[in-house]
Structures are given as structure tokens and as C-alpha cells.
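Presented sequentially are two complexes of subunit A, the first with subunit B as partner and the second with subunit C.
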Partner chain A sequence: MWEIIQSNRRKSILLVIIMAVLLLLVGSVFGEYFVQSYQGGLILAFAIWLLLSILAYFQGRNLFLAISGAHKIQKADHPRLFNIVEEMKIAAALPAMPEIYLIDDPAPNAFAVGQNPEKAAVAVTTGLLNTLNRDELQGVIAHEVGHVVNRDTLFMSMIGVMLGTVVMLAEIARRTLFFGGGRRRSRSSSGAGQAQVIILIAGLALMIVAPLIARIIYLAASRKREYLADASAAVFTRYPEGLASALEKISVSPIRMRKVNSVTAPMYIINPLQKLHDTRDSLFSTHPAAKNRIQILRSMAGGSGYLEYDQAFRRITGESKAFLPASALKQPGIKPGLRKPAVETVIPTAAPDMTRMMTGAVITGAVITDGIQEPVTPQAKARETSDAVWKSKGYRFIRCECDAILKVPPDFKRTGVQCLRCNRVHELNPVPEPT
Partner chain B sequence: MECPVCRESMVVIEYRSIELDYCVGCMGVWFDRGEIELVLQAAGIPVTSDFLAFKTCDSKPREIMRPCPLCGKTMHKMNPPGGSVVLDQCPDEEGIWFDAGELSETIRNITGDDAGAVIQVLREYLGEALADPKK
Partner chain C sequence: MTYVLIFLVAIAVLIFWVFGLYNGLVRLRNAVKNAWSQIDVQLKRRHDLIPNLVETVKGYAAHEKETLARVISARNFAMNAAGPAEAGRAEGALSGALKSLFAVSEAYPDLKANQNFLALQEELTSTENKIAFSRQAYNDAVMRYNNMTEVVPSNIIAGMFNFKASEFFEIVIPEEKDVPKVSF
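The block that comes next holds the complex of A and B.
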């Protein structure tokens, strides 16, 4: 495990160095054009990068969760999800329990954020909870925890900031040069004219090429890390089929995500903006083709270790180079085996009992999976998920005598709520001030 | 979620594991994508029921256009089969909005083999919301 992080780190450092060189090149050309000094440009580029990096390091996680519309949930809001995250926390030997966030979106997807394993957070959509069974959900959580353990969450946000800075500087320079280009320079002595033109063209070319190179580096790093997180998920769960089946369900889901843009898209387990049926890893995709990822997981020859994943990876992608460092593939005598799928015991369906359902004691039409209660009917599953959303948003629950449950939003202004079914009016106590 | 008519925060009502949003101010009801189907499924009625086949209004509707409470896009005016009711449906089919009284009128006009069963199920779920406002 440690070797993988180490090798990951070495490769990351190389990528960061290339990115930094690009950043400084762009910065110096930028400076030459706008303030007539390379040093000025270097300082400017460095300052912008530093500022954005500091912001990303300390606030990136919260910013990211906020723009994705994620709400933090507590254990009581969704015990089943917490149980799975706890399992994976132990399997991955995380030092702290990741915070869990819910995104109210019917499209199934998930992502992880956090600058280090102590401050990690995992966010899943309500669509994911409604669509997947326990084994599949476990696979997805394991993949996200894999990103945290492999430090991908930190690395991708840091290298993302560098990419952003390069793109921004190049964009400004390009626009200015095209539309008002080099007027100031033409005032200098006419003898240097030709050299000036050559430098101008070379600089312009750099401003066009640099963002492209930076983007390709960023995306190549991103794809490698998706494979690695898949491998980690197989190791943590000892059940590659869970993740494979989850990836299949997520990638064929026709529902599009609501709050997503090109900045947040690469963070998800399946890129919500990537075309569904891509089979090749293109130079410009953030994630490897889902089809390949599923095939690799499914052809892991009866084992769940990094060695099996690596062999399957090479078979499917046709690459001859080992994907993981040799030390990680050296395994002790026993081959890490597969576990069996989760065992389900169906609770016989009884008449709906609202009191027990509300306290979460027994969910009608539920199954016990590995000792944890799991709803099976689409209605019961949808209810479990949306109750978690309501509670995370601070809704108050009122039981009406007609057996309906009224869920009142925290910003509800009236003093009474009329029930839609029976017209009974329920008095509301004043909202307690949030502490 | 805000009521598309009075902009008040809507209350969620859960009955037999199915949730609907409604506005206490105007008693209009919002069905999320797939919620009517869930109600019918729970009662064992085939989801292909005719009364879900809404048509876009031909003539220009007199009602003002309203934003979808989920995505904010302007909703389309729709006619359920066999009536003069004008409903609002999200252009991305996130859900359907019924003004107070529109539900009962829509349900009165349900025809087809399943009509009796559909009406009975919806009455069970929606109770007084389907009572005839003229009474």
C-alpha cells in the first residue's frame, strides 16, 4: 500500500515540475509583453498561483461541496450509508471517519474531497443511494476512499489550480495580443524589428500550446488515478464485481446531473459530462472509458489484489508496462481471495406501520444484508434516501392523525400547517434558534 | 422548494412511503418525476395508464407561465386527456404542477379500463385534496 502512495508521489512530483515549468514560461512571456520584464511576469504568475493554491488548500474542499449542492448528514440520517463508509474506513485504515455529504440529485454519482485522510469527505447523490444495492454502494465508497488514501483528492486540486493559472494567463495574453498586439513594442528601435516579430510569434505560439499541454498532463494524471482508485476499491472490498456493477449502472443512467460544470465534473466517479458510450481513452477525457474499467474489474481472475488488477489491466488495455510499481505487486504467499456477495434475508412484508418506520426501527419490505437492514422496494429505498435529505436540510417531521407525515421546511413562515389529505391544521412551535 | 405560484416554501407530505410537495398557501400540488407512477405501482396498476398522456396546449393558454420549482426553467402548459384543465409541466420533465382543484378535475376525466382503480388509489393517497371544491 505504502509503495503505491510513494510511487504515486514520485510521478506526481514529476507532473508538478512539468506544470510549474509551463506556468513559469507562460508567466515570463506574459510579463515581457505587458510589463516589459520577465521577472515581473514570473512574480505575477507565481503570486496568482500561490494565492489560488492557498485558497484551494484551505477552502477548496468546502467550496467544492458548496457548489455541488452537498449537505452534510449525520449517522442517524442514513445509518446504512454510514455503516458502509465505516467498513471502508477500517478496510483502508483511514485515520479518521470521513464526513458524509448528500447531493439531492436523481442522477447516480459520487466524489471525494479533502486535502488529507484526516479531513476527507465523501459525497454521494440521492440517485446513487436509490439505484445501487449494498455491494455496489460499497464498491463506489471504496473507490472514493481509494482516492483519499492515494492522496488524489489533494493532488488533483493542486494540479488543477496550476492548470487554471496557465489557462488564465495564456487566455489574457492571447486576447490582448490578437486584438491590440504589440503596439507598445513597435515604438522601440527599428533595427530590432525583425527579432521582435519572431519573439512575438514564438510567444504567441507558446500561449496557444501551453494550455493544451497543461490540460493533457492534467487529464492523463486524472485517468491513471481513476484506475488506481478502482484497484484500491477491489482490494478494500475483496469484491470487484460490486464496483463493476455500480459503474455499469452509473454509466448507462439516462438522467443528467443538475448542478455540474467542467470544473466539478472530473471529480465524480463517472464524469457526468463525458459521453456514455465512449470506449477509447481519448487524450482529452478525464476518466478512462467506463467500459474498460468494468471489463478490468470483471476479469480479475478470482483474486482481489493489486497483482490481479494489474494483470487484468494489461490484458484489457493491451499495455505491456506494469501499471503499478513492482513492490506493490509482490504478494505474500496467499492470494487475496474474493469474498462472497452480501447475504440477504428478506423480512416478510407486514402491514405498513408508520410509527416504526418513522423511528427507523423496522422498514417494511426490507432485507437484512450482512446484518444491516436494507429496503428493497423502490418506494422504501426512495423514502430512506429522501428522509436523509430532509433531515440534513433541517426539516421538521409532524405525524398527522390521517397517517400522513408532514415534513415542514426550516424556512416555513406560517404558524400552522394544513394537512393535504385531511385538512387538519397542526400548530407549529416556534423554530428553535440554530446553535 | 418554492411554490411556483406564491413563492412560499412547500411542505412535503408522505403517505404510505410516497412523497408529494404541496403549498399551504394555495394548496397546489407538485408531483416529482415518476411519483404518480410510484403511486400506481404500489397499487399494482400498470404504469402505461392513458391518463398520464398529457398533450401540449394547442391554443395560447390564459394562465401565466410559471417557473419549475426544481430547475427554474419556464414550465410548459399541458392538457390532460378529456378536459379543459391546464397543467404546468417542467420542460425537462422534472415534474408536474397541479393548481388547487386541478387534480380533482383531471381525475374526474380519467377514462379507460383502469379508470376505476386509478381514481380509487389516488383518492386513497390524496384524500381531501380531491374533494370537489364546489361542495
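The block that comes next holds the complex of A and C.
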């Protein structure tokens, strides 16, 4: 894992340098036209970038969560989700438990944010909880934790800010040059005029090309990091099929996300705005085609390590270059079979006979049913998820003797509440005032 | 004069290189220690959960005394185990005993509907997963550390400063070693 973080860091620095050069170029041309000094433009571009970077570093995480309408949940709200996140935290050796957020949206999706592994957060939609089983959910969480471990959450927001600054400056310059750029030329003498025109055209061309290049760099980095997080997920769970089947379910879901825009879309595990059934990675997509990602995970023959992922990656995409550093591929110790094989306990219909039960294990194809408590019917699962939403909003649950469950809103002031089914009155303890 | 200088620089480079290798070994050894403490946390959590589980099951399936006794004795045995190898065997026996307890519980619908039991079952299953994942992380760390102590040239440093290879942690579940019978 360290090798990957290291190699990521080296490549990231290169990308950041290219982005910085673009930013400064655009800034100087911008300055040349608006304040008649390229130094002024450089300073302006730098100031905007610095301001946005500081904002993104310290507030980006909370901004993202707020824009997506995510609520923080506690362990009691959804113990299974909490446990899955903790399992992946352990597998990835994260220094701290990520915070968990729930987004009330029927479309299945998830994302991770956080400037460092100590302050990470993962957010999942209620649709994801309703659609996926435990193994699939584990795969998704592992992918998100992979983003955190590989420092993608920090890097993508930082490089995103640079992209944003380049695009913004170029946009302003382009519009003004098209519509009001004549003023400067008329003031200058005719001899310098020709050179000015050439500079103007060159500047204009730069303003058109620079944002494009910046965007292509950003998106290429984004796609690569999705593959990498998939590989990490396979390593953490030792079970690529979990993530593969989750990606399949998420990508074929016809439900569109509600609170999403082009800024937040690249953060999700599957881009909520990307068209379904794309099979090729285009220059302008934020994520690799889901079909490829699934196929790579499914054709990881004989293991779940980085080496197997890399081989599968090259087979499916037809690329000859290894996309992981050689030192990571050599890394031993990642073998299949560390994960328990799927075992279903056979329950004899006759009197329980211990010895038969223990040896009568049946190897099944996919799901681990062994001991894992999970609501079986879709209705029960949906109930569990919506309860988690209620609980995260501070509703209190009271179980009546008639088995009805009363959900009392947090701002309910009266001391008693009547059951709607049997009219029993339940006393409410006063809510402790939040201090 | 220049030869002396070159010699001195070479010595300095060598010393820093040795420092680097030494520090690398220390870091890896600490990673192994940290990973082991993670396993310990999870094992302890499992030991703490078991009395609750036994109490809950007793209320519904009192005559499964034998299974319950097996779980309790496996827990006590596991709590007193020392070192990765012994702990591995003891925890394996405990996993086996727990599995049989959950299998038995299938025959008691009232027990299976009990909220407390369901919550405990999720907790224990997840703890089992966490043990497996922390074991996976521990073994990865041990592999990295052991490799470093064995490959040239860091093995020389490891030998000089007494970096010993670490033990892997394998949980041996008695039933899992047998070839499972497949029934159709």
C-alpha cells in the first residue's frame, strides 16, 4: 500500500506542476489584458487559487456533505453499516474511524471525503442500503476507504480547485476579449498594433485551450484513481465479486440522484450523471466505464491482490502498461483464500444432531449466509434504512404493547403520546436539552 | 586530499544508508506491534460479548447446556492463551463453538425473533469479520517485516541489531480443516 501512496504522490506532484503552469499562464495573460501587467495577473491568479485551496482544505469536506444533504449517523442508527465501515477501517489500517453519513436518496451511490485519513467521512445513500447485501456494501465501503487511504480525497479536491481557477479566469477573459477587447488596441500606436494583435490571438487561443487541457488532466487522474480504489477494495475485502456485483447494481439502477451537480458528481463511486452502458473510457468522463470496472474485478483470476488486478486491467482494457508501480506488484502476502469460503449451514429437519450440523457445510457460489443477520425481504430492509434516517434526525422510537412503533419527533413538547392503534398513552421522558 | 574527501563522503553515505535501513526495520516492526494490538482489541471484544449471548440463549434454549458449556469453556481457554500460535488455536476453537451455538439457535424461532439476540448475533458476526480483517492486516505487516529481515542487504542490519522474524497469526477452526461434505 505504501508503494502506491508513494508512487501516487510522485505522479500527483507532476500533475500539480502542469496544472500550476497552466494556471500561471492563464493568470499572466489575464493580467496582461485587464491590468496591463502580467505580474498583476499572476498575483491575482495565485491569490484566487490560494483562497479557494484553503477553503477546500478546511471546509471542503463539510461543504460537500452539506451540498449532498448528508446526515451524520451513529452506530445505534444503523449497526450493520457501522460495523462494515469499522471492518474496512481495520482491513485498511486507517488510523481513525471515518464518520458515517446518510443521504436520503433512493438512487444507490456513495462517496468519501476528507483531507486526511484521520478526518475522513464516508456517505452512502439510503438507496444503496436498500439495494445491496452485506458483501456488496462491504465492497463499496472498501472502495471509498481505498480513496481515503490512497489520498484521493485530498488530491482530487486540491487539483479540482486548480481546474476551477483556470476555468474561471479563462471564462472571464474569453468573454471580455470577445465582447470588449477592442479598447486596448485602439490606444496603442500602429507599429506595436500588429504585435499586439498576434499576442491577442495567442492569448485568446490559450484561454480556449488551457481549460480543456486542465480538464483532460483532471479527468484522467480521476479515472486512474477509480481503478486504483477498485484494486484497493479487492485487496481489503479479498473478495472482488462483492464490489463487482455492487457496481453492477448501482450502474443499472434507473433512479437518478436528486442533489447532485457536475462538481459533486466525480466524487461518487459511479458518476450519477454519466450515461449508462458506456463501454469506452472517453477523454471527458470522470469515471471509467462501469462495464470495464466490473469485468476487471470479475476476471481477477486466482487472487485478489494488486498483481491480479493489474493483469486483469491489462487484459480488459488492452493497455500494455502496468498502471501500478512495480514494487506494489511484487508485494507478496496477498493471496486468495484468506477470506472464509461461503458456507451455508444445513439445518436438519429432524432432531438437531450436532455432529451432522457441523460437518454438513455446503459450499455455495456467492453469498456468505453463515451467521450474518440481514433483513431478508426488501420491505424489511427498506424499513431498517428509513428507521436509520429517522433516528439520525433525532426521532425517538417507542414500542407500544400492541407492537406498533411510535416515532416521536425531536421537537415534540408534550409529556405524553397516544398510540394510534390501541390508544394507550405513553409517557415521554423530557428530552435532555442539547448543551 | 581528494581521495580522503571521497572516502569520507562514501563513509557518510554508507552510514546514512544504514540508518535508513535500520529506521525502515523499526517502522515495520512497530507496524507489526500495532497490528497485533488491533487483533487483541477485537478478540477482547468478542470475549466480552459472549457472556451476554450465553445469558440470552439460556432464557430460550436452556436445555442446550452442552453447547453453552462448550462456548464458555472455549472462551475461558481463549482468554488465557498467550502468543499468536496458542491464541490462534484457542480462538479457532471458540469460533467453532460459537458457530455451533448459532446453528442450534436456528431450531428456536422465539430466540431468533429476539431483538437482543439479533443485535448480539450481528455484533459477534461482525467482530468475527473484524478479527479476520485485523488478522489479514497483521499478517501483511508480518510479511513485510519478515521479508525486510531476510533480504540482502537489510538482513545484515537485522542480524546486527537483533530484529527477529515475527510469528504469523493463523486461526485454526477445527471443522474448517476437514474437507466439507457437499450435499445436493
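Simple rule for what comes next: the second predicted complex is superposed on the first by the 357 of 435 C-alpha atoms of A that agree within 3 Å, B and C clash if a C-alpha of one lies under 4 Å from a C-alpha of the other, contacts with A are read in each partner's own complex, and residues count from 1 in each chain.
Heads up, the rule we're going with is that a residue touches a chain if its C-beta (ideal position, glycine included) is under 8 Å from a C-beta of that chain, and two chains touch if they have at least 3 such contacts.
Remember, it's a predicted structure, so these values are computed and weren't measured experimentally.
Chemist: Just checking: does A:Gln36 make contact with subunit B only, subunit C only, both, or neither of them? Give me first, second, both or neither.
Modeler: In the superposition, A:Gln36 contacts neither subunit B nor subunit C.
Chemist: In the superposed arrangement, which partner chain does A:Ala382 touch: subunit B (first), subunit C (second), both, or neither?
Modeler: After superposition on chain A, A:Ala382 lies in contact with subunit B alone.
Chemist: Applying the touch criterion given at the start, work out whether A:Ala404 contacts subunit B, subunit C, both or neither, answering first, second, both or neither.
Modeler: first
Chemist: If we overlay the two complexes on their shared chain A, which of subunit B and subunit C does A:Arg238 touch? Say first, second, both or neither.
Modeler: In the superposed model, A:Arg238 contacts subunit C only, not subunit B.
Chemist: Let me test your reading of the model: by the given contact rule, A:Asn83 touches which partner, first (subunit B), second (subunit C), both or neither?
Modeler: Once the two structures are laid over each other on A, A:Asn83 reaches subunit C alone.
Chemist: Is there a shared patch on subunit A that both subunit B and subunit C touch, and which residues make it up?
Modeler: Residues 352, 357, which sit in both footprints.
Chemist: Help me check something: in the complex, which residues belonging to subunit B touch subunit A?
Modeler: So the residues of subunit B in touch with subunit A come to 1, 8-20, 22, 24, 27, 29, 33, 38, 41-42, 70-71, 125-129.
Chemist: In the complex of these two chains, what residues of subunit A are touching subunit B?
Modeler: 106, 258, 352, 357, 377-380, 382-383, 386, 390, 395, 402-409, 411-414, 417-423
Chemist: So in the complex, the part of subunit A that touches subunit C is made up of which residues?
Modeler: The touching residues are 79-80, 83-84, 86-88, 90-93, 236, 238, 331-334, 338-340, 343, 345-347, 352, 354, 357-363, 370-373.
Chemist: Residues of subunit C touching subunit A in their complex?
Modeler: Per the stated touch rule, the residues are 34-35, 38, 42, 67, 96, 99-100, 102-104, 106-107, 118-119, 121-126, 128-130, 132-134, 136-137, 139-141, 143-144, 147, 175-176, 178, 180-183.
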